[in-house]
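In the two complexes that follow, subunit A is the common piece, with subunit B as its partner first and subunit C second.
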Partner chain A sequence: MDTAFALQLLVNGLMIGAVYALIASGLSLTFGVIGIVNFAHGELYMVFAMLAYFVAGYLETPFSLSIALVMLTALCVGAVLYEVLLRRLAGKDFERSVLGTMGLAMVLQNGAIFLFTTTPRMVPHTLSYSAYTFGSVAVPALKLLAAALATAALGLVWWMLHHTQLGRAMRGLAQSHDAAMMVGIDVRAVSRLAVAIGVGLAGLAGAALAPVYSIHPTMGFAFIFKAFAIVTIGGLGNFGGTIIAALMIGMLESFAGTLGSLVMADTLSFAFMILILLFKPEGLFGRGVRI
Partner chain B sequence: MKSLIAFAFAAALSGVLPLHAARAQDNAPIMIASTLPLSGNVASFGEMARWGAELAVAQVNAAGGIRGRKVQFDVQDNRCNPAEAVKVTTQMLSDPAYVALFDGLCSSVVLSVMPVVERERIPLVVATASATSISDKSGVGGNPWTFKFNPSDATLAVAMVDWLKKQGLADKIAFLGEDTDFGRSGASGFETALKAGGGKLAAADFYQQGTADFSAVLTKLRSMQPSVLALYALAGDQRNIVSQFMTSGLKMPLTGRLITDVIPAEIIKSGAIDGSTSVQPYSFEIDTPENKAFVAAFKAAHGREPNAIAYSAYDAMRTLLDAIARAPSVDRTAVRDALKATRMQSLIGGEIVFDENNLAHNYAVILQIKDGKVSIVGLSKT
Partner chain C sequence: MNGRLLAAILIVAGVAVGLFGSTYVLTVGISAAIFATVATAFNMVYGYTGLLCLGQVAFLGIGAYGSAVLSKDYGLSFWLSAPAGAALASLFGLLIGYSSLRLSRHSFGIATLTASLLCVILARNWVEVTRGSMGLPGLPAPHLGSLSIEHPRDFFWLAFAFAIISIAIMAAVLSSRIGRGFLAVKGNEALARTQGLNTLGYKLLSLAISAFFTGLGGALLVTHLTIVDPSIFDFYYTETLLIMVVIGGLGHFWAVILSAVAFTVIPDLLLFSKDLRMILYGFVLIAAVLSFPKGIAGLARQRAVDGWRKRLAAQARQAAPATSGGSSHG
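Coming up: the complex of A and B.
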């Protein structure tokens, strides 16, 4: 394998990993703070991609403004989702939260089919079919933009978690719900904000990737199980662990998909998750240090 | 006296009621069952198949039906999932009123319901599923109830490879297809067609339906530099592959079952995939009066031109309705025998006659993208 080829695989892996990190980190944040695996997260990503299509493709709003609008909407949707559904499921039986969020996923997917039809669409962009080349390494322009946005957003959330009062409150809540209440943390407000940020990240993913991957009602399904595997590998609720696991899976898929086959790449990702569940059920980076 | 009246009344009833029931039966609609993917990844294709079949049924009903009876076409969702299709088909066929089963769209679905139709002894007309194994297992292949209207992947692949050979592009063909019976049949069809000339596929790769990122396999292809890339991908998957192909640095033409109305128009117009070819069972631009009438009727009903799936569903339903009309009764065996004896003209000029494997041999259409436009470059009998 020559250096340029290996470098191309490395770049591909980083790009895929950044996309996975953006989608999976919202799932991780939500689980970390309120203890619910939101199985509707993939469908939320799909809904926001469709919203981006409507805003950028149909209303012809500039792409950067569309991303901001979709993300803002996603933050609001996240807050409403917490108040209307997730708050009522938090702390109850695990089965209730699984069924509740899966039910929401079904409603969103079938609602999208009804309203949007299943015809695949893509947000048009002047850079849609452009790539930057560094020597013989090609990097699709819009994928690079999405990866840059993902890095910035995840960096911001990381900074917020570790350097602000709100972040400390979220981490405190993640460690002990009761202790957080005892020290005066407003559990409801902090949880609402955590879910809003988690859904906001799905909104950013939907909008930033709208000109990269085709948009259709079942697009979220492919990502949610991969995201769940990543969150499990990284340690359920461990924000930093999720990002590292996403990059690892991105690399694994890039190398296995190129040197082997795409089907093998998918198989290896889930086989890796099973191995982690067998030998390190708390995930590679453990739950003790979550978010 | 009272008992005499009662006897007369009972006798009258016993005579009249069966007559009434028989008349009700005579006027009952002729029922055709179908399962199509109305949700899931390929639901847009299921919708097109439904529209095509419904148009044929509507036209027959508007012309007075068959022997004065309306045709009723009942469709349920199979989600392109074989297990779901078997469940739904079994439920539908528990009603003996159904005289035939229509399509299923996905090859895996059709293959999974073939044992069901054999058990229920009901004719199945396959309009759109293309796996070669469907016809291999039909007629003399073992299942006398399954009839395949559209060309199989093997026959389409032979037509496509012949064309590529003439263009000098068949020396290093790479294949990328979905990991289903459709994709696998496409690969084996290409492999078989190439083997006939002493060649073979340079590479064959498969992916799970719904995969979003193809950078890994496109990077592999870049290092191989095949002369042409054959795609067996549907809907959103094909759109993703072609879009990412554009940014991958790959320059070779595409071929296979390229669906030109799925590829973004700006890519075709840009000329970037000029020279790409596609083998399809249909193009709405085929210039026959029957096809023009179909395109006009379809466009009036749905505001868009029909694609290959809508066409196949329409023409296959016409074939089934023709068989029902020719059969001496709507008995399932009579309809099957009438299907076997079919000899009718397809909309695109081919003659529909089922061979010993119950496979019809309609025309295949070779399309080519040239100067940013899609045009028909040939019709080839399959």
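Coming up: the complex of A and C.
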């Protein structure tokens, strides 16, 4: 393999990885702060991609505005979701939260099939077929845009977690629920915001990727498994670990998918996850909850 | 309700369906018999041993594919191929169990779920064995002497007998020492281990037995449909099993069987489309988790306990004036 080709695969992998990081980090943040593995996260991503499709189709808003609209909606949905469902499941049996969020996933996925059928939809975009070239490396414009948005959003969340009072409260809550309460952190408000941001990240992913992949009701299902593999490898609730794991999986897929087959890429990422679980059950980047 | 009475009612209902049922009723009956067994097997793992294994559909599919390949490509009779497929499922259960049971409970759920997803990828792409998404059509019917079990009535009797035998075996296991071991693992694993219980062994045994009967159910299911394709690994089955076990009541043997039968029969009678059914199931699951996490059987038991408590309190109140009046000092 010559270097130009390798470089191309590397860039492809990084772009896939950035998008995976966007979805998986929402999952990780939710788990870190309220201790719930949200099995409906992939379906939420699908719903927001659908929403982006309808916003683009009916309101005919420009791409940037529809991304902002969808993301804003996602933040609100996240807050409502926390108040209506997740708050009642947090801190209880882990199994209850699995069943509850899985029920939500069933409603969302089958609801989407019922309303919109399983026909895949595409969001047309003026940049759909254009690409930038840097030296010998060609980058599809929309994928680059999605990756840039993902990087910006994740950078913002990272900054928030480490440099604001709110972020410190979230990390404190992740470390010890009781201690956080004792020092006067408003657990409910902070948790609500964490879930809102987690769902908001899924919304951003849905809207940014709407013109890249075709949209259909079962798309979230495939993505969520990838996201599970990523958070398991990176360590559940470990925000930084999740991002690194997402980039690793993206790279693995890019190389395996090109040199082998797409099937191999899927199988490899799961095999990788199982290997990690076997040898490092707490994930690659250390034990415990850390966001 | 009394377990023995429920069992008797279910058996009488089954015999009635077998004797008088129309073809349609018989077909629903076949599904009900298979799902009652598979749900009981899931109840064993989740309800009794406390392991939320989201890979049950993998056992179902591996039993189905194993049996189908052996009977179609190797000409094995159903009576040999189905147990062989089930044994394969059981082996797979041990494998994922051994590799993922050392993890936290979160990771166990995710790992078993992933295992079932890997099975779909395998079923779609290991074309030499599974024929990919085309599947294996035209599975041969089981033979009993010179009788080919093809007619729905005959097949119903087969499924019914399978359900009774499998459920009886699982009931026997659960009421034995082994079953108490499962409950000990669920109740307090650390305590069970300090009592010298091999908790990992019990968990693996629970998974292996459950996988065996689930695999057998899968083999029967695809033999009835006469085709197996990757949709046997559809997550839909996992969700349906979860509903049956959670709504029935985790760890309540007969209640789960009853809810499995109800959840097979009722949606079919009401002619719900699969999507609508799953939307409804989703809402039911959320409602159950929020308001009666121990299932309908748990709710009934809670009611009964409350009743006793009220009666005891009333008795105590009746007895109270005499004693307290005597010792009162004004």
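Basically, the second predicted complex is superposed on the first by the 288 of 291 C-alpha atoms of A that agree within 3 Å, B and C clash if a C-alpha of one lies under 4 Å from a C-alpha of the other, contacts with A are read in each partner's own complex, and residues count from 1 in each chain.
FYI, a residue touches a chain if its C-beta (ideal position, glycine included) is under 8 Å from a C-beta of that chain, and two chains touch if they have at least 3 such contacts.
In this text, all values refer to a predicted model and were calculated from it rather than measured experimentally.
Peer 1: Is the arrangement of subunit B and subunit C around the shared subunit A a clash or a fit after superposition?
Peer 2: Once both complexes are aligned on subunit A, subunit B and subunit C clash.
Peer 1: Kindly classify A:S214 by the partners it touches after superposition: subunit B alone (first), subunit C alone (second), both, or neither?
Peer 2: First partner only, subunit B.
Peer 1: Kindly classify A:I274 by the partners it touches after superposition: subunit B alone (first), subunit C alone (second), both, or neither?
Peer 2: second
Peer 1: Should A:M182 be classified as contacting the first partner (subunit B), the second (subunit C), both, or neither?
Peer 2: neither
Peer 1: Please indicate which partner A:L104 is in contact with in the superposed arrangement: first for subunit B, second for subunit C, both, or neither.
Peer 2: So A:L104 only meets subunit C here.
Peer 1: So in the superposed three-chain picture, is A:M122 touching just subunit B, just subunit C, both, or none of them (first/second/both/neither)?
Peer 2: first
Peer 1: Between subunit B and subunit C, whom does A:V263 touch in the aligned arrangement: first, second, both, or neither?
Peer 2: both
Peer 1: Which partner chains sit in contact with A:R88 here, subunit B, subunit C, both or neither? Use first/second/both/neither.
Peer 2: In the superposition, A:R88 touches subunit C alone.
Peer 1: Counting only touches as set out at the top, which of subunit B and subunit C does A:R96 meet: first, second, both, neither?
Peer 2: It touches subunit C, and subunit B stays clear.
Peer 1: Just to be sure I read the superposition right, which of the two partners does A:T133 touch: subunit B = first, subunit C = second, or both, or neither?
Peer 2: The first partner, subunit B, only.
Peer 1: Do subunit B and subunit C land on any of the same subunit A residues, and which?
Peer 2: On subunit A, the overlap between the subunit B and subunit C contacts is residues 110, 113, 221, 263, 266.
Peer 1: In their complex, what parts of subunit B are in touch with subunit A?
Peer 2: Going by the criterion above, the answer is residues 39-44, 47, 179, 205-208, 210-217, 219-220, 222-223, 235-236, 239-240, 243-244, 246-249, 262, 264, 266-267, 270, 272.
Peer 1: How about subunit C: which of its residues touch subunit A in the complex?
Peer 2: Against subunit A, the touching part of subunit C is residues 52, 99-100, 102-107, 109-111, 113-114, 117-118, 121, 124-125, 235, 239, 242, 246, 273, 275-276, 278-279, 281-286, 288-290, 293.
Peer 1: Mind listing the subunit A positions that touch subunit C in their complex?
Peer 2: So the residues of subunit A touching subunit C come out as 31, 37, 85, 88-89, 93-96, 98-100, 102-111, 113-114, 221, 225, 228-229, 232, 236, 263, 266-267, 270, 273-274, 277-278, 281-282.
Peer 1: Which residues, counting only subunit A, touch subunit B once they are in their complex?
Peer 2: 5, 8-9, 12, 15-16, 19, 110, 113, 117-120, 122, 124, 128-131, 133, 138, 140-141, 143, 212-219, 221-223, 253-259, 261-263, 265-266
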